[in-house]
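The structures considered in this document are given below.
Look at the two complexes coming up: chain A is in both, with chain B in one and chain C in the other.
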Partner chain A sequence: MSKRSRRAEMQAARRARARADRERRRDPARALVSAMMLFYFSAFLLIALQGEIQWQGFALAAAVPMMIYIATLWLPRFFPADKLLLAIANFLCALGVLVLYSTDRGAGTSRGMQQAMYYGIGIIAMLVCIMIVRYIRRWKFLMKVVMMGAAALMVLPLAIGTEQNGATNWIVIGGTSLQPSEVVKIALLLILGWYMSRHQFWPWFLFAGFSLLVLMLQKDLGTALIYYITTLLLFYASTGNLPLTGLGVIGGCGAAVVGYKMFAHVKKRVAIWRNPWIYYETSGYQIAQTLMAIASGGLFGVGLGLGAPRVIPVYFTDCIFAVICEQFGVIFGILVLAMYVILILRGTFIAQSSRHSFHAIMAMGATVMLGVQTFIIIGGVLKMIPLTGVTMPFVSYGGTSLVSCMGLIGLIQGVASVNQDDLTYDYEISRSLQEEMLLPEADR
Partner chain B sequence: MKQLKLRFRVLTLLVIGLLFVAGAYGVYSVSAYGNRWVSSTRNTRYRSAKRSVSPGDIIDRNGVTVATTDENGQRVYQSNILSRSSLVHLLGDDEGNIANGVESFQANYLLGFETSLTERVNAFLKGETRKGDSIAITADSKLHTEIVQIFRNTSNTKGKCGAVAVMNYKTGEVLALVSLPVYDPQNITATIKNSTQHPFWNRAVQSTLPPGSTFKIITAVAMLENMADAQTHVFNCTGATQVMDQVITDYGNDQHGEITLEKAFRLSCNNCFAQAALLMGDSALRKTAENFGFNDNFLFRDLVVENSSYPTKDRNNFEIAWSGAGQSKVAATPLHLCMISAAIANDGVMMEPRLLSRVQSPAGVVRLRYSQKAYRTACSPETAKIIDGYMKTVVKSGTGTRAKVDGLTIAGKTGSAEGSANGLDVTHAWFTGYIDDDRYPYAVSVLVEAGGTGGSVAAPVAQKIFEYLRDNAAVY
Partner chain C sequence: MPDEIYELVAQGARYWFLFLMALIAWRSWRWYRRDRRQAKKRLKLLPDAGFVGEMVVLQGGKGLERGAVLPVPCEGTLGAARTNDLCVQAAGVEKRHLWFRYDEGRGLMVEPFGKNAVNVDGADFESRRDPLYMGHGSRLYVGEAELRLRMFAGFEAEGTAQRRSGVEDEPAQQQPPQPDAQQMAAYQQWMQQQWMMQQYAQQQAYQQGYQQAMAQQQSPQPELYEEPAPEDETDVYTYEEARAQGLVDDRAFMRPAGEKKPELPVYEQPLAEPAPQFYPPEMDAGWADEEYAWDEENEDEGMNGDEVMNGDEVPDAAEPPRSAYVGHDEAERAKRRVWDRYLGGGAR
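So, the complex of A and B:
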């Protein structure tokens, strides 16, 4: 072989590699993730260099884009995944870390670092959920175990729980506090999906009713609302029984009215919602501060790390949306809302493409749950509905909440990967049939 | 399975719809109320912003600088104590004691929040402290001083609480918005802070009181709109109209006998208007009041004004009858009463009150210029013409003769409203009126809290203001 032909061969190989490279770069998900990584890298760097230089900022500037890369581009090499859904969930998680880290400056807290750790755990939780959906096939007995376990977990706070902000929904195990109702969300969706797809009414009904009762006893009304709406909507989707669904809506409204009449703190919440300014000195303080923060940001915000976010009570969980609006502006806030909308659209698409009704209902449930929770907290922060203490999915500070939200994404991704496997399987069958000349060749 | 997926779509639409509504609500409430939230006395953010930005100047309509920042970053007002005190409620003070004064309500301009990025970078590169935009307002500093002096030098009003609003009824420009007592913004003592007269309260836009007989302007409009024979209908004033088991009386227990609307308006006869209110019914009167802005959520661009109210609940006849005379839970602010006369003067069109005439950046770029806008059409030009005639007779030969000014045609209406202060029954003195002259298109309203009758206490104050406008309005 002559030197020239070898050179030509090498050039051809190089060209082929370059073409493959270009193609990979042209992958829209790649461009999106690169933009996200650049955004977070520079954002963390900016805060790290603000005033006194902090090593945590540099660590996060490296770690957060790294985690985004791993979760959205590297992991999907091992199983088919919906990259857009992954990218949005990761963007929101990283946004939480960023905002928390920026509010840490000068406050002596280290929520940003902690949240970054939870984010890592969240990615693992997502993987676990993907595995569960992909590889566990024999649910019949397992589902009963899940149900028992979840019920037991649910009751735990009543026995050994600690009270926080008026609700007894926390347990402390070995120094780390945990909110069982968040973890049980995943179990609830598995249970609802399994039994609803099998048209077995009582098992899921009893479990959902039991969970609701326990949540009421714990006075965790926000979470109870999420459980109730998700269950009701899934019931409607799986049966199409409008009269009973209507009854459920009426029942829910009735319960709300009874709750309003019976509990003084519910009445107070509603009164604050109607006019927070007259209760400014006491209970209206939080929502009034939230509104002032949102308005102070204006359209484009006061800037990352600026403003006075810490005057808002619980700025790191319930009211984190107000902090985002103050620093990045109302337009960014609306865009964040739009991201949740895209997330819901992707979730619905995945649920609709599923071939197994168990998977379909479960994925839809996870989507609806995330959507409803987003509405409850953002509506509350904007004073559209009374503020109830639930977290903003992916963004709010808190390990259990973040982990459970990523778990929900894991469920949806699991279903997406099964869908993709099904498609590949179809394709392979049709190709093998084609090879055996049993099917005509598809038109190109 | 297909059904299931169709229903999924319903769920998605529902949830996305909810999020969409939340977003739309957020955008709406921030654009409608955002400025009010930000300028709340409770917002600490602007106080911290003042440390890094040097707030811009405020200039009145004659070019007098009424607020500026000195080289030490200290906010200073006019050097004359009386001058700066008389503007304190309109501008607000450095401590933020006044709700929604220009200093806080326009803080996004004064503190340079509207400054573009290139301007900020430029200032940074030059090493300058950032400077906010300067604002020109439509108010007249000298007129404010004059009004405070009138209040102080008249024996009937000396030491009393009250408010005055002066505006141009053709354009909506606010010339004066005074609340008494005033205080010195550069020397806020403990006496002022603990005063039982609440000097921090901006009465011209914040206190809603029963308008009393000044509300008869609206009752008369309602009569003209709803009763075909309004101008000829003969009412019988016995001095005590029996409604249910109570009676409607007139001030000083006067008896007017058989009278028509014109005379009743001139003499401010409660019995006639009470009977008219019962004849028309609550909803007809309420509708006219709402045309004049009652029960509306005032969202003016430059001013935060407390909403005026006309009761919406079912009420008994006695209460309805008294509403015809501006009592019984009808309430309005002095500025709103000024706007009501202004609407009559302006052929039934109520202009939006405006305070900002120009916003200018430190480099001289004009960011915003005054633009006038009609707030609403209160009544037809024909109705306004008739009421205009009635209001002129009030000043010519009725209850408001003490507002008469040589060489000008004044129209007005007095009011003596029954209210309570510190648990005691008091009479608030009101006057609202305007100059019918194209050279001086000004409407004025005067409130003297617990002052006595409108004709003897409020009308003379208005008269002096009209005289001042006659002698000095050439400046404008």
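So, the complex of A and C:
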């Protein structure tokens, strides 16, 4: 080979490398994940240096960005996933780990490390849900089993449950606390999706009614509200029946009024919501401290690991958004809300793109459920609505909640991957084999 | 780190975290918007995406003309209201009359809402345990409307359409009578003549071209070639040109990493032109007396999907399955490839 041709070959190879580098830099997944990894690396590093050097912090500074990388860029190599949805869910999960770890310092707790462990379990739950949506095709018989299992799980707390924060919705199995209503969320979506897509009214109606009744008996009003709104919105999405949906809304409002008249604790919550400062010393203390924490954070926050978040009762579950606002500032809090909004928009987009109504309803339901839950808790923390005891999706401390939220993301991801399969099929039949040779190589 | 120094560092780091958070939110939003735009473009590239076939209106109503074609998605509802996937405004059709779902290998399942009447190829709907399935060419009767299903390539069901009892097959579906030995001999003779004329014409053209080339070599003309006038510059590219210039983002259609490129068959010799195919013309009364001729006007009629529907001209709903892109065999091959690649060869 002559010198000239070798030089030309080398130049061509250099140009190809430069082009590939440019492509890689343009990849939105890499750009987003690299910013997330940098955020968590610097944040955990900072926390690790607070007071005495903590090796756990250094370990998390390495492990959390690695988990984000694996869960967002590496796992989708095995199935066509929606990377944006994965990235946002992972970001929010890691934010929970960060905030809990920062509040652990000086409190002698290890919620941050536990949450990191739950995060890992959540990723497994998400993978399981993706597999369920992608590979299970014979739902007809299975749905009856799911329905019976979910009903049994729902009534379990009434029989062997323990009361926490006024609601009897926890069970303890082998020393581990579990909230069955969180697990049943996934089953509810499967049941609603299946029967609504088959236009069979009674099965899903009876199951949803039964679930709501049991939740009311358990006094778990927050979860009951999530179930009710999700069911109602899915009914409207699947049938477009406005009169019946309006009737459902009126019925819900009527039930709220009856609940207000009947239950003393509902009355109390509404009174606290209207003016928490009257009850500052007693039941209004939590919401008052929440508002003070957000105000003390100001626009830019007091700084990571600083402030007094532990003054707020149950700061690690219900009021974690106030802790975020206190440490990082209100602008940061608004941006976190923006991430939730993008997640919801993305979920809706995936549901709209689905060609099978079972998948569409399921994805829409998971999105609505996450959106409603976020609205209920953040609205409660910001005193827009009465505060009810639900967790902030992905961020709040709690294994069951995190695993169930990741399961919901798994359902949406499963639908997204089926959509991608359908699209690939369309594309395949629209292109000849010769054209396929020209396709660039992807790194999904 | 001492508390005072940590406090300073943490307060300084607030802005760094805020900047990174803003960057993350901005990039997420931009990614989301980009994907929305790409989805719209993709829909333009794949106009048939999500549809399994078409319903041809054989008999409609006031709001639905005869000959109209309604695209059929995988799942949906049919009724008189506009919110339905298939809006059939005819007498006797309820607002939400029936719903349908495409079942792989079985056809389009049809089930009415409530007690609405539905008839497929002469069979009435009786119960959910015995659902009605429509295949390629099946007729659907709802109210006073009559629709016929024409499925796209790759979606045809295998013989699920039930025939209406007592109704004979239409002339279009009858097999044309085969020509006898004498007709075949005449046809073959005509083919040979055609072939010889074609060879002779090619030879003549070659000789003529050779003579012209020789004449040009002997007396070269100065500057015979003129630069073509530059065309108007427009922003219109073909898809391949746009892709070559990097204007099209094809990332959604990329091959998964690690997957080998498909092997193309290697041809030692350049591919020959496909052999001409001749079909006997349609039989009519005076066929034997007429000279056999290729009917170019009727070539591929109804196969290219751009037939004009006007007046009483109703497209033949029983024509072979079609797609905007490919034929049946290629669609089947593509389906197999997708199954093997993403579903481990399993049936969906």
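The working rule: the second predicted complex is superposed on the first by the 408 of 444 C-alpha atoms of A that agree within 3 Å, B and C clash if a C-alpha of one lies under 4 Å from a C-alpha of the other, contacts with A are read in each partner's own complex, and residues count from 1 in each chain.
Throughout what follows, a residue touches a chain if its C-beta (ideal position, glycine included) is under 8 Å from a C-beta of that chain, and two chains touch if they have at least 3 such contacts.
Everything numeric here is computed off the predicted structure, so don't read it as measured data.
Let's test your reading of the overlay: on chain A, do chain B and chain C clash or fit side by side?
With chain A as the common anchor, chain B and chain C both fit in the superposed model.
Just checking: does A:His199 make contact with chain B only, chain C only, both, or neither of them? Give me first, second, both or neither.
second
Applying the document's definition of touch, where does A:Arg4 land relative to chain B and chain C: first, second, both, or neither?
After superposition on chain A, A:Arg4 lies in contact with neither partner.
Which partner does A:Leu345 contact after superposing on A: first (chain B), second (chain C), both, neither?
both
Could you say whether A:Tyr280 touches chain B, chain C, both of them, or neither, answering first, second, both or neither?
Touch status of A:Tyr280: first partner only.
Answer with first, second, both or neither: which of chain B and chain C does A:Lys140 touch in the superposed model?
Once the two structures are laid over each other on A, A:Lys140 reaches no partner at all.
According to the stated criteria, A:Ala31 is in contact with first (chain B), second (chain C), both, or neither; which is it?
second
Touching A:Val330 in the superposition: chain B (first), chain C (second), both, neither?
After superposition on chain A, A:Val330 lies in contact with chain B alone.
Looking at the overlay, does A:Glu428 come into contact with chain B only (first), chain C only (second), both, or neither?
Once the two structures are laid over each other on A, A:Glu428 reaches chain C alone.
Taking the superposition on A as described, I'd like to know which of chain B and chain C A:Phe39 touches: first, second, both or neither.
After superposing on A, A:Phe39 lies in contact with chain C but is clear of chain B.
With both structures fitted on chain A, tell me whether chain B or chain C touches more of chain A's residues.
C
For the overlay built on chain A, what is the smallest gap between any CA atom of chain B and any CA atom of chain C, in Å?
When the complexes share the chain A frame, the smallest chain B-chain C C-alpha distance is 5 Å.
For chain A, give the residues common to its interface with chain B and its interface with chain C.
Residues common to the chain A contacts of chain C and of chain B are 240, 338, 345, 357, listed in rising order.
Which residues of chain B touch chain A in their complex?
Touching chain A: residues 1, 3-5, 7-12, 14-16, 18-23, 25-27, 29-30, 33-35, 37-38, 40, 42-45, 48, 108, 113 of chain B.
Using the touch definition up top, name the residues of chain A that touch chain B in the complex.
Touching chain B from chain A are residues 233, 236-238, 240, 277, 280, 288, 291-296, 298, 307-308, 311, 330, 333-334, 337-338, 340-341, 344-345, 348, 351-352, 357, 360-361, 364, 367-368, 371-372, 374-375, 378-379, 382-384.
In the complex formed with chain A, which residues of chain C make contact?
Those residues of chain C that touch chain A are 1, 3, 6-7, 9-11, 13-18, 20-25, 27-32, 34-36, 39, 42, 45-46, 48-50, 73-75, 83, 99, 101, 111, 113, 153-154, 250-258, 261-262, 264, 323-326, 330-331, 334-335, 337-338, 342-343, 346-348.
Touching chain C in the complex: which residues of chain A?
28-29, 31-32, 35-36, 38-39, 42-43, 46, 49-51, 53, 77, 79-80, 84, 87-88, 91, 135, 137, 197, 199, 240, 300-306, 328-329, 331-332, 335-336, 338-339, 342, 345-346, 349, 353, 355-357, 421-434, 436-437, 439-444
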